[in-house]
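Worksheet: one structure, shown below.
Order as written gives the chain letters A, B, C and D; numbering starts at 1 within each chain.
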Amino acid sequence: MFTWILRESYKIGLSPTIPAWAHDLWFVIMGLLIFAVIALPLIIAVAYLTLWERKILAWAHYRLGPNRAWGYGFLQPLLDAVKLLIKEDIVPVCVDWPVWFLAPIVAFTPMVACFLAIPMSNAFVNMKLQLPGDTEPVMHVFQVPMIAGNLNIGLLFILALSSLVVVGIFMAGWGSNNKYSLFGGMRSAAQIISYEVPVILSLLCVALLAGSLSTVDIVKAQKFIPPGEMKTYLELDRLSMSGSGFDYTKRGDYLNLDYFKNLEGDEKIIAAGKLYHRYNDYVNTQGSPRLPFIIPLFIAFIIYFIAGVAETNRSPFDLPEGESEIVAGFHTEYSGIKFGLFFLGEYGNMILISAIAVTCFLGGYLGPAIPGMSWITASTGEYIYYFFWFILKVCLLVSVMVWFRATFPRLRVDQLTDFAWKALLPISFINILIVGYMHFADWNFISIAETNWILWYDNIVRPFEYPFLRALMLLFFVPIVSDYVYRYRKVIMPRFIYAEIAFILAFMGYDIFTLWFGSKTFEIVLRCLLYAVALFLTIWMWRDVILAMRSGQQFPNLPEEEAMGMVEKVKPGPLGVQETIEIPTTSYARE
Amino acid sequence: MAFTLTRIQRAEADTIEDSEEYILNMGPQHPSTHGVLRLLLRCDGEIVKEIKPYFGYLHRCYSKVVEDLTYVQGVPYSDRWDYLASMTNNHVNCLAIEKLAGIEVPRRAEYIRVIIAELQRIASHLFWFGTQVNDLGGYTPFMWAVRHREKIVDIFEELSGARLTYHYMRPGGVMRDINSKAGKWIEEFIKELPQHMRNYDDLIMGNEILLVRMDGVGVLTSDLAIKYGISGPVLRATGVKWDLRKNIPYSVYPEFDFEIPTRQKGCSLSRWEIRIEEIRQSARIVAQALMTLPAGDYKAKVPRAIKPPKGDVYAAIEAPRGELGMYMVSDGSTKPWRVHCRSSCLINLTALNEITRGAPIADLIAILGSIDIVLGETDR
Amino acid sequence: MIEKDQNIAPTQKHLDQPIGSDFDQNLLSFLDSEFKKRKTLDAILGRFVPLWGILKGLNITRKAIFAPKSTIQYPEQKLPVAKGFRGQHVLLTDPHSEQLCICCGSCVNICPVNCIEIKFEQAKETSKRKRDLIEYNVDLTKCLFCNLCAEICPEFCIILGPKYEYSDITRGLGNLMVTKETIERRATNEEYDEILAKKGPKKSAATGDTTKAKPEN
Amino acid sequence: MPPEVKNTYPEIESCLKEIAESFPAVEIDRERVREQVAVLVNPSDLRKLMEKLYNWKEYPLNYLRCITAIDRLTHIEVVYVLINIPGGGGLTVIARCPREDGKLPSVFDLWHTADFQEREVFDFFGVQFEGHPDLRRLLMSEEIKGHPLLKDYPKGGDPDDLVTMKAYLPDGWLEKMQAEKERLKQWLKDEVEKIKSQGTVKPEEKKEKKE
């Protein structure tokens, strides 16, 4: 279809010599077209995702699920949508109206906008066109990804927009003027803000490997090419380009056809097209393994998926609308299509998170060649083949989310944030260190073994070591024993300062010794000594606490605790001062 | 760890002088107050400072109504206290009448009563298991537990002809004899119970999320539990080995070999373990009773109008939720002068304010589920 | 074998013979062995594999998702109702639709909620029975389905039948207050034989009506 | 045959002896409550007796199973069923108090379980428990008048509190219930006179004869 659009549009006279503004306008139109193509199917997909979820949940309960509306319940989503549309839109008294009214829209829109930057398929277009550097219009081969806006900061764009959902949810919680809704809003704010960090850190690994933030480049970087083959035809390129002075690591350089002076007519064009692909294949993936990133970045994938489930407020992280605790969370007071928008937003977020995971870890729209389908080519709609793989992977991940919901109970708020800050965050930090090191070593374990360890130290450890060691201390000790810190702060603080001083000495030592003696070995030995001192100080700092934790003894109660008389049980009694307080049982009572 | 965090939250919440406390009204329409319980919470953030429960939304004037009915007519009303364990309600009602009137119950009837009561305990605990996990946010175990409980309901339908309010135990025996079909079903149920229990364990029991949610939550000490008159699994979870079936035996229970599970911690998790263990012990009792089921009458000859001599009686049995007692006063006529039901749920709820103090609302829900209340019995 | 106790349920004979202790005697040992069963591999993995419990749970739900389902599609399929089910009342007549009820009013007196009301008049001398039953109304909104009326009936002619779909949107007479016409039906021959068997030995009882003890057929 | 229930405990016997010595006013009734010994006390002695039983060194009755009350038409009896855990032996303490605005000392501080049960007794019988932290109605709503389990409280509610009655009752029932209330008042007066005269109470049989 996209091929067709492009060809036809050129037939009707969008000549390559159009002015720049028209050229931009052309891409704007393309974006709008593709957005229209994306947004409508999205709504339908969400509707049928609800049916799919109900089915899977029912099967897990040994039930059949909705099967009354036309066969196996295929009309159920449609009927639900109609019901939501024709339902009365109840506006409770004394809601904060503008906030309350805007909340569903704010919660729904960013989700749709995120799909702009998700490449869903891919098409090859050959067209005759005069690019800068061409003397006359010539045939060029273009890869047109099926994406609304091919931003070079696509990942950043998605992250920024997807974290906007919390604003809508919090507005709903605040505007409803209902305590349960407020609970939901606060909870989801805390939750999404906590889980943004592991998400970003795990996607950072992807950006590191792909060498780009553009989602299209990330997908292309995962196109599977056996490393040996890769090496061979990079060398072939070198040979073919020898003498021409062609530098295929420079972007845009391949368009300068002066390199092909010795070539003739079509050969020149073909060489340019070949170089275009070679360039994309190479530059996007400099030195990275040509695999779906789930294989090198498995841990990052797991972290991302868990945190993504948390970001969509799905079980086991469905605190914001945990109906057994806070009645329906932030959408308690909503009804009709407003509730429907929240519903769409949540399920669309499920699809979005899965789509990002597919794009960044599972190779996006790429997929293995189906045997017997070799007739699929650019002319016979290759993009359908790609699109099929994309949809398949997304469905897989979404089903896994539903499977989670069928299995897990719900976490508590403090446990939720603990899990984000104490488990996911340190792991993702370490993961980044490892990935960075592997990337530096070209994902080649032999070369890792061969690397000069001082070089390794200078390039890898040193940039990270201060933050890394401090992170070790702060992340592994402080939060785990935060309660004990609270009780032992007088003991801990001075030792903490000694350890700090020792670390700083260690870092000063590096420059001093390199300047004066220039002897790296001696310097590193000494620094290891200083590290030993610092770590000893650290452990000493926590010694009492660790021993106390080991022995599981009762900790000294805080003075304020004893002052509040919390140590011995306080007898239950009447509400005390608030004995005669008026409780508005409904929201109407305020009027 | 979670517990220490809640403790530090509590400490901070208490040290703030101008902390903005507010009143939160939970129930009577709330998904997880198990009916129409209404709790008035004084909260600070999500930390519950104090709880003020309100009852009576399901009050049906049991005592006042039964004063106008004969003893036999009063029995079907007792089905409606604890509608998840009607058999045990009938049991205590009949026990009180028999003690009052000195009715001798045939041995076979006693055995049938024991079988039925223990099956009822299993059914009630299964339903508790489902609702407890449902309160914690897991949906599947509820469906599984109800599907499993359905088998017991079928057995009771085969026996008594009703599916919820079986008016099966009668003064002097039971309504009908236990027939071979029901007996076969009971045997099948008992035989496939271990597999089901293993499935439940695999599904949820080892689940780390569940453990951190339940462990160390709502701790109750043993002396405090006795002071509060707590009974049943909640009392046993605090380490007190007190079970009316052993300590004040009231039926043919002394003839069976079973254990009373106890735990020491008194938290929600230990209540959980106690109930799961009680299901196993009940299954063992049923198996023994089936193996040695004596022949004979299933119902003593009871006059149409029971006229017990003057006097009082306090009869109590070990219901699934604790000590279910009945204080009955006879004035020598055909109708009781005063009937009072000692509801285990109501009295277990007395300690709610104590054990949920300083816990977040999510824990309050978990604790409420682990106490396992039925509002029909609480309000009577 | 049928007790002459007046509180006996009329549907006792419908059920199978009462059982003795004919269960397998290894039930308890079987249970104990089953409960003691432990998966050692599971225990070891549970100790060393992080989040092993969660993985187990996922596995067992995965099994359930692909397991055969146990839903009953209610309006089309219905579960069989147990014999002796206590549903809507049935007023039995003998196979020739001769009224069995003697209008003694025991059911009205025993009912805990006064949901039964009957109207009768003195019969003519020609007929064998003393009283003609005119109305027999049962208020299903009040009824506890406690089966006491069926057990007290000296003629065993009012029983609680297997009908459980009596819900309605209005409470009036004929909807949720069922009348004689709604609940009256002929007794099948075996039901009638059972009733005779129950009544036979106590012909001379004060409650029973001696003239109706042996109808002709 | 059912297993014989152990209803005599030596500790309880010794306990009863001491009670009889230290509290001359109480009377010990072994026939009244099946399988248990009943101790009838006056409101004045109740508090002291309860403290003694709770702090009993050898055999403390530390578990309060049940509190309830009985309307005896001339007075109200409040029943405390006590037991020792884990011993199993117990006593039934029965305190008499006048029918109109009867007052009793609360045992809340000894057994916290008295919290709801005393509230229930107050709700249904109107017995005031002095020292209870908050003595409110437990099951009935606050605006109900009267105490329903008293024998002269008409079935279907007190016709005098129009707040609730108007809401629930069809027309014409209010007058019926007022008449019923008058009848019950009269009946109660007769019963109390009979009891004072002959000292036995058989109200149910009397009523049957009436009907």
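Assume contacts are C-beta pairs under 8 Å (C-beta built on N, C-alpha and C of every residue); 3 or more make two chains touch, one makes a residue touch a chain.
None of the values given here were measured: they were computed from a predicted structure.
Asks: So which chains are sitting against chain A and chain C at once?
Replies: B
Asks: If you average the CA coordinates per chain, which chain's centre is most distant from that of chain A?
Replies: Of all chains, D has its centre farthest from that of chain A.
Asks: Centre of all protein Cα atoms: which chain's centre is nearest to it?
Replies: So the chain nearest the centre of the shown protein is B.
Asks: Measuring from the mean C-alpha position of chain C to the mean C-alpha position of chain D, what distance in angstrom results?
Replies: For chain C versus chain D, the centre distance works out to 39 Å.
Asks: Centre to centre, by mean C-alpha position, how many angstrom separate chain A and chain D?
Replies: Centre-to-centre distance between chain A and chain D: 68 Å.
Asks: How far is the middle of chain B from the middle of chain D, if each middle is the mean of its Cα atoms, in Å?
Replies: Averaging C-alpha atoms per chain gives centres 25 Å apart.
Asks: As a quick test, compute the distance in whole Å between the mean CA positions of chain B and chain C.
Replies: Result: the chain centres lie 26 Å from each other.
Asks: Where in chain C do residues touch two or more other chains at once?
Replies: 54, 57, 61, 64, 70
Asks: Which parts of chain D, given as residue numbers and ranges, touch two or more other chains?
Replies: 112, 115
Asks: Considering chain A alone, which of its residues make contact with at least two other chains?
Replies: 60-63, 406-408, 572, 574
Asks: Can you list the chain D residues touching chain B in their complex?
Replies: 1-3, 5, 31-36, 38, 62-66, 68, 70-71, 79, 81, 85-86, 88, 92, 111-113, 115-117, 124, 137-141, 148-149, 153, 155, 201-205, 208
Asks: Which stretch or stretches of chain B touch chain A in the complex?
Replies: Touching chain A: residues 1-2, 4-11, 14-15, 21-25, 30-32, 40, 42, 46, 50, 52, 133-140, 143-144, 147, 203-204, 207, 209-210, 212-213, 224, 353-354, 357-358, 360-363, 365 of chain B.
Asks: Can you list the residues on chain C that touch chain B in the complex?
Replies: Touching chain B from chain C are residues 3, 5-9, 11-12, 15-21, 23-25, 27-28, 30-32, 34-35, 37, 46, 51-54, 56-57, 59-61, 64, 70, 82-86, 110-112, 144-148, 152, 160.
Asks: So in the complex, the part of chain A that touches chain B is made up of which residues?
Replies: 57, 60-63, 179, 183, 315-316, 318-319, 322-327, 405-415, 418, 480, 482-483, 486, 558, 560-561, 564, 566, 569-570, 572, 574-575, 578, 581, 583, 585
Asks: For the complex, give me every residue of chain B touching chain D.
Replies: Touching chain D: residues 55-56, 59, 61, 63-64, 68, 99-100, 104-105, 107, 110, 224, 226-230, 240-242, 247-252, 254-255, 311-314, 316, 323, 325, 327, 329, 331-335, 337-338, 340, 342, 346-347, 349-351, 354, 379-380 of chain B.
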